[in-house]
Every structure is written in structure tokens, then in C-alpha cells.
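Order of writing sets the chain letters: A, B and C. Residues in each chain are counted from 1.
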Amino acid sequence: MEKLKDALDFSDFSKAERIGLVIFSVFLFAFPWIGAGSFTTTVMIQFLLFSLFGMGWNTIGGYGGQVELGKAQYVGIGSYTVALMMVWWKVPFWVSMPIGILIAVGYSFIIGYPLFRLKGHYFAIATICTSLVLKDIFDNWNLVGAAKGIELPIHDHPDFLYMQFKSDTYYYYFIMALFYIALFYMNWFRKSKLGYQLRMIKDDEDAAESLGIDIRWCKIKAYSIASAFVAVGGGFMAVYNLYIDPASTMELSLSIKIALMAMLGGAASLWGPIIGAAFLVPLDRFLGSWLGGQKGLTGIDFMIYAALIMIVSAYQPRGIWGIIEQFRKRGH
Amino acid sequence: MSFLTVENIVKDFGGLVANNNVSFTIEEGEIVGLIGPNGAGKTTLFNCIVGYHRPDSGKVTFRGKDVTGFRPFETNRAGIGRTFQIMKVTTGMTVLENVMVGSFCRTNNRNTARGEALHVLGDLALDAVKDYYINELPIAIQRKVGLARALATKPALLMLDEVASGLNPTEIEEVVELLRRLNSAKKITLFLIEHIMEMVMKVSQRVIVLDYGEKIAEGLPADIVKDENVIKAYLGEKYAQGL
Amino acid sequence: MLIADALLQGILMGLLFALVSLGLTVIFGVMDIVNFAHGEFLMLGMYSVYWANLFFHIDPLIALPVSAVVGVLLGLASYYCFIKYLLRGPAIAQLFGTFGLMLFLQYFAMFLFSADYRMIDKGLLVGKSLSVGPFIFDWTKLAAGILSLIAFAVVYYFLHKTKTGKALQATSLNKEAASYMGIRTDRMNAIAWAIGGGTVGMAGGLLVNFYYAYPMVGILFVMIAFACVALGGFGSIKGVFFAGLLVGILEMIFPVFGHLIGSDFLGPHFKFTVVYLAYFIIVVVRPQGLFGWKN
């Protein structure tokens, strides 16, 4: 009960932030009614999905300060669990998604145990490696469709059990619900014991250990929470796209994007991943549709995208939220 | 049975013997000082007890429990708190949040943790700075925050690594007062490394002296200052002969 | 027989891998930064030889210095225009920064050269092979292996015998102490990037003789290089040489084992999985690397 209260309690934020949240929420609810086109709806769905990923990453990457670059493997686990169970045994989404989460969490414990013996660059590269190994396996495993991927069966009629709808609006509201669950969870998380302990670990590992914190275990817990978040998003991707392959679910660039959104927005803040996704997803999409399609300009969109990453990391490593906070401090 | 028993601790860093066969005991409620010249192996000994280093041989027993080779978080949970000589200047958490991390060691509830952290802060007269970040505070206050953080884990034995270094005489006076109060009012056993002789002699009931990794003397402060070996270690062979 | 052949082929590839990884480990040693864009330097080295060959009909082997020069320039440009500023930030920003550089160079190449796979089809050694007893070697791979070895030896000599090289080593051992002794860290960093870029650019020039050049080719090799650097112990020059050989042999020999026992899971598709797994296991079990000295 108290946990629920903590999750819904935003009172320690400034007034401006709370008003911002309300306006943002009204916009989210009203979005499908203000005559949005199908392209903008897709962008919004992507935005909510990546916010969800980013909030998950923020537990271990932002609050815990670990450079985790292997989240894509959990997108893969989530989406493949949902897709395969649906194709093989016709298991409804609502059953397969929790199973996907369980598998992701179980897998994250197995991987996390050796992984968190490592620190710094060793850790960062090892997370990439684990993700690439899984991708290699799925790329070559004929049983799961190998590199060709798998298509989900399309139903004739909309089916809530299998999350099949005619209109994107339903998917929009579903991912929005997930987004809010994630937001409330994170609002509780940042105030929880684990949240505090992780921030201590990020600040000073030796001191954290002297305060009775089992560093490795804390990191593993945060890592598996992050993995659960990402697996949920993966499951959604499967039913939304109706087609998945290793390249779209387990690619290194996806892992990087997830971490990048949180970083760009501002790691270790509740709003960071949302701001990052709000910035990068539309940019990615619009650049892609305006420039990517033009003849002779292939690659320009990603060059701009990459240049942006470079500029942010060199000049404002604390992200957009860092800039905002700087201005606020100056105001005082 | 003693409160803390350290038996024959040996720690060798690839040929450099930092602790050689060190043994001593501490009784409940005592204030014990650990002194020695630079590089005598004081901090290494602390780290061996708390668990940052695993001793090559020897045994540490705390309240009847063998804690040799425990990880630092395990010794902390067993009731040993420690502070660091150098407090890492961090920007991520406020003073209150820092101390709350300490209280979270004994509770899962945020409100309880917060209440206890506020209590400890009040006890150390740190209320006024609770919303500051560590990097915004002078060094004397930073030290106190480190102490508050360790106290919040409710240790039965508190090990303090040079808690007074870099402080001015008035501040040292305050710390001495505070340590005595912790010892008498909260019944916390104190074990402190100290460089400033004056302070050790004032606050400790018993002193252990290390030199080149070995225990060279142990006794009452008044006797220690007269001990020939200790004078030699501190002032050098020649000076001692001249006495 | 199969195994002996795989062993020899693996050694040749391993020598090339060692050269690819050399720059990464030098840069890591001197400034503690992991350069994701390392593979893209390789890719641009490959393209430079490819274009020199196509437009000016220069033999790929003679065009090798071109790729080395391109690599050095790239390294210096990256350092002075970008990495220098990146160093002020936290480690995570550095990782993302070099990752951004990697993406930028990838898509820059795609923009300029399109996504086509390109391979050199004429050259002194292209398509020729040498048979020694039962073994058949491609001349291109043989040359790549031998020239890699020579290049590695030259850099090794430079690092251990010249004044600048020694200064570089001192910086990588202890940056602060080195700067007290009057070694300019900034200059050392630039030299590390020049070496890093030059060696990997040259490796690209050798690789393009028998491997496709395409904008995304770098990521595969950078992962191999990461594995080699970790295996050798981050920052260790000697270590990376043996690690390169080991990875080269592993990569060739596992498919052979797979073939022998008829298992699909050790098939050629998984040769890089083996490398990733090797990295993972090595850093977990022995974080200082097989021959490591730097923590």
C-alpha cells in the first residue's frame, strides 16, 4: 500500500515538473483524438516503446551507473517468446508475455552473475558480447526461423487475447498503459532501498560496501529489473509488428539506442529517458523519411544522428536534463 | 571471550609485508587507538579486519563469530562500521540521502530509514547541511557525514580511519567530545587509527603501536609515550639513543 | 590434416588480427579509452586501397602506404577534432562518443560509396596461390600475414627503442608521473591515435586483398579486436600479439572441429560466437588477460 502511495507521489518534484507531467499526460490521452495521421501515430508508439526501454535501462545504467550495452538481447527474448509461443502453440499474448518476462529475468540472473564481476570497459564490452552471441545463435537456428525471422499468424478479426487490432490506436493505448506502469514503477524505484543503494554504488563502491550493501547482488537485481522492462517492450514489438527477426530485435545498434536515449535525456533522472526518446525517436524517424528516401542521400540521416551523439557526448555528457538543471540552479 | 580478537594477521603485497603476525584483542565498550609512522600498515590492518583485503593468514573473530575473509558488507552486517581516511567527494547524493543509505542497512522501509537518518544527523548537529551535496561542504563536515553514514548502520564496533586529519584544533576538540559521547551514551566500541598523537592520547583508553607491519607496543597512553621502541619508531634510532 | 591446415591459416589470420588490435590496445593503454570507431578506420583503409586500385590502377600491395597514411590522418583528425573534447567527460560519455564516431564514419562511407560489397579483382597476388606440400595458401593471405608481422615488429621497435615510444609507454604506465617528467600527455595521446589509425588502416589495406569492403565491415573486426585486447590484457602490446594469434587459430579451428564431429553448432557461422564467448569467459575468469599486466 505504501509502495503504491510512493509510486503515485510526485510531490518532491518542482511545480513546473508536475505541471509539465499533467500537460504531457493530457496530450498523450488526447493524441489519437486530435486527428493524428498514421505516420505520427507510429512515431508516438515508437516513442512510448523507447521510453519504456530507456526507463528500464535507467535502473542499472542510470541509477547504478553501469555502462550496460546489451539490452537488445532482452528485446529478443521478449519478442521471440511471444512470437514462438503464438506460432507453435497458439498461446495468447497475455500468457506468453509474462512467460517472456520470467525467461528474461531468469536469463539475466544467469548472465548477470558472471557479468557483474566485471567493471568499466571490460563490463561494457562483455555486455555487447553476450548480446551478440544470442543474436548469432538466433541468426543460425532454423527452428526459430534463423535470419529470416518469423511471421505471426494474422487473425481475420480483431482479437484481444492475441493483441490483434485493425487500428493502431488500440496499440497506442496499450503501450501508453505500459508506459504509465513503467513510469509509476520508476517513481517508486528511485525512492526505494534498492534505488538509494544503487546511487551509492555509482558514487563510491568502497563506501557502499562499508555500509552493508552487497554490491554485486544489488547490480544483478537492478539488471534483471531492467531486463524485465525491456522484455515487455519486446513482447509488444512482436504483436505490433507481426514480424520479428534477429536483426530488428537483437542488433547491437538497438542496445546502443536504448542506452543512448536515457543518456541523452539525462541518466538517473525520472524524466531523462522520456525526454531522450521524445527527442531521438522523432528525429530518427523524420530524418529517415525525409532524407533517407531521397536518391543519392542514403546515410545522411544517420550521419546527422551520429554527429548529434558525438556533440552531446563531448559537450553535454549529462544530457538534456543536465542542461535544464544547470539553468535552474543558475536561477536560484 | 573478547569482543574483537585479531590473531596472527599476515598480509603480504607481493614481497611487501604490510602486516606481520599482528595479534590483539578489544573488549566491549573500549576506545582503542592504533598508531604508527607512515606506512606502518595501519590502514591495511583495518582493511584486513573489515574485509577489503583477505589476510594471507590469521584469524579475526567478532563477538564469537569468525569473520575472517568476510566481504566488507558482511562484516558491516555483523556489526562493524568503518569510516574512510579520504571521503570520496561525490555529487550524486545529498547528505541526508547518504546517511539514509546507511540506515537502509537495517530496514527496508523508507520512512524508517529517513527518520533514523534524521536522528543521527541531529545527534551530530548536521541538520543544517542535510540537503547539501558532499562536494559543497568543507572537509570537517564531510568527515562528519562519513561518520554519520557509518553510525546509521548501527555498528557495535566503529573503526575510524584518521577521523581528525586536516582539522583545526577546535574541530579536533569537537571530534574528541563526540567520540567520547558515542562511546558512553551509545555504548559503541571505538577503534581508531590516528596520526595526531595528541588526539589519540586524549581519547583512547588503550593504544596499539605498529611499525613496519609489526605490533611493537600496546598499553595505556601514558606508558606508550614513554616506551623506548615507540620513541625509536617515531623519532628514529639516533634520537632515541641520545635520550 | 584438416586441423594442421586450419592451424596454419589461423596463424596467418591471427597475425592480421594482431595488427588490427594493436592500435586499439595502444590507445587504451595511453588514455584508457575504448575506441569503437577502430573498425571504421579499418574500413576506410580498405576503401582507400580499393579506390587507388580502381582509379589509378595501383597494385593493392603498392597502395598499402596510402591506407596507412589515410589511417594516420583519420586518427589525428579524430583526436584533435573530437576525442580531445570527449576526454573531459565521464567514461560512459566517452564510450558513446566513440560509438557516435563509428556510426558517423559508417554512414559517411555509405553516403560516399553506397552499401555495395566491393572486392579487388586485379592485383599482383589476387587469385594466386602457393602450394607447399599438401597445404595451399592464398598469396594474398600469406602477404597479409607476413606484412602484418613486419608492421607489428616495426611498431614494437618504435615503442620500445625510441625516445618517443618510451615516453608513450611511460604515459600508459602512469599518466601523472609521466606528465611530471615533462612528457606532454596531449602529444602522447595524439601519437597513440596516429599509431592506432596507421596500423589499423594498413591492416585494412591488407584485408581488402581477400575480403569485401562495405560500410559495415568494421563492427565485425572491432569485436574481434576487443576480444584480442581483452585476452592480451588491456594495454599490453605483447599480449595482444599472442591474443591475435590465438583468436585467429580459434576462429579457423572451431569450424573444423564442428565439421569433424558433425555438429551444426560449431559450424562456420558460429566462428565469431566462439570469439565473443572466449572474451566473456576470459574477462570473467582472468580479468587481467592471459598475459596482462595492467589493472
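Brief remarks on what is shown
To be clear about the criterion, contacts are C-beta pairs under 8 Å (C-beta built on N, C-alpha and C of every residue); 3 or more make two chains touch, one makes a residue touch a chain.
Computed from a predicted structure; not experimentally measured.
In terms of inter-chain touching, the protein chains here are arranged end to end in an open line.
When each chain is reduced to the average of its Cα atoms, B sits farthest from chain A.
With centres defined as mean CA coordinates, chain C is found 32 Å away from chain A. Mean C-alpha position of chain A lies 43 Å from that of chain B.
Averaged C-alpha coordinates put the centre of chain B at 49 Å from the centre of chain C. Chain B meets chain A in the complex at residues 50, 52, 71-73, 76-77, 81-82, 84, 87-88, 90-93, 97-98, 100-102, 104-105, 108-111, 113, 146, 149-150, 152-153. Residue ranges on chain A touching chain C, taken from their complex, read 61, 65, 67, 69, 114-115, 117-118, 120-122, 124-126, 128-130, 132-133, 136-137, 139-140, 252-253, 256, 259-260, 263, 267, 297-303, 305-310, 312-315, 317. The part of chain C that touches chain A in the complex is made up of residues 28, 32, 34, 82, 85-86, 88-97, 99-104, 106-111, 114-115, 215, 219, 223, 226-227, 230, 234, 264, 267, 269-270, 272-273, 276-277, 279-280, 283-284, 287.
Within the complex formed with chain B, the residues of chain A that make contact are 2, 6, 191-193, 196-197, 199-200, 202-204, 206-215, 268.
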